[in-house]
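Just so it is clear, A, B and C label the chains in written order, and each chain counts residues from 1 on its own.
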Amino acid sequence: MEPLPGMEKLKRVTIVAESVVSERIQEDVLRLGAKGYTTTHAEGRGSRGVRASEWEGHNVKLETIVTPEVAGKILKYMEDKYFQHFAVIAYTIDVEVIRAKKYR
Amino acid sequence: MEPLPGMEKLKRVTIVAESVVSERIQEDVLRLGAKGYTTTHAEGRGSRGVRASEWEGHNVKLETIVTPEVAGKILKYMEDKYFQHFAVIAYTIDVEVIRAKKYR
Amino acid sequence: MEPLPGMEKLKRVTIVAESVVSERIQEDVLRLGAKGYTTTHAEGRGSRGVRASEWEGHNVKLETIVTPEVAGKILKYMEDKYFQHFAVIAYTIDVEVIRAKKYR
């Protein structure tokens, strides 16, 4: 659908990770260019990528709204640093925001 | 991607705000045409727009699925009434729903 | 917007339901092909579809990233088995993921 009037398209990055890993990721995200983020507690269940075994436990879901450029940097960093050793989920969604300048 | 068969495109509006402000926003959202909403507790961190200073604290994340028209009204209202004085984040995402009539 | 380099488009399915119903839905979602899911506690309010009356209470929000095919199966199942008797919200969002193979 077309963006609503006065709104701009940005990316929301979502990262779900175990609590202890999430603390490091929160610092990473700000260092890579995010202006802020929101976290919520979550429970995860399932086979999560590199670990073939069934997996279940406490997680932190981080959400941040960023430019496509920063989104690309964050996702690349997640892939390089975390995906091999941790059960991390990371993805982006297109969003339309008002007052886009505060996310740049 | 194409919508899945039998599904309709609507907008999900997400609003993250401090708890005390969120209570007012919840009333606003229903008055502006939303048929319901879901809230979750969240933590926020970062420089949040009008307040240049670092910001950290308890938030409520509100999510509601509405028509594009109602989404536009809600976002406009957030901009007019809250953005100048409160650390509010508001954005929309395109969603595909089943039984779209219950959100109209 | 174009997908970021190295990322693939999949669907995120979100299902909000009362706790007791959500437990069954979590099993359904895995059986229908999801490789895992994340849940968060949520509060719901509003007129929710088949029940015309005002509704308010504890919910579980389930999120899972799946192929479009599995998304279609899950949404169809929700419609067939839950929508008539329970206050369930179900929708999909397009997402871009890294390491898409772990969701297949």
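Worth pointing out:
Rule of thumb we're sticking to: contacts are C-beta pairs under 8 Å (C-beta built on N, C-alpha and C of every residue); 3 or more make two chains touch, one makes a residue touch a chain.
It should be emphasised that the depicted structure is a prediction, and the values quoted were computed from it without experimental measurement.
The angle needed to superpose chain A on chain C by their Cα atoms is 120 degrees, rounded to the nearest 5.
At the interface between chain A and chain B, two copies of one sequence, fewer than half of the residue numbers in use appear on both sides, so the contact is built from largely different positions.
The geometric centre of chain A is 19 Å away from that of chain B, both derived from CA atoms. Multi-chain contact residues of chain B, defined as those touching 2 or more other chains: 40-41, 93-94. If you check the complex, the residues on chain A that touch chain B are 1, 4-7, 10, 12, 26, 30, 34-41, 65, 93-99, 102.
Chain B meets chain A in the complex at residues 9, 11, 16, 40-50, 55, 59, 61, 68, 71-72, 75-76, 78-79, 83, 89-94.
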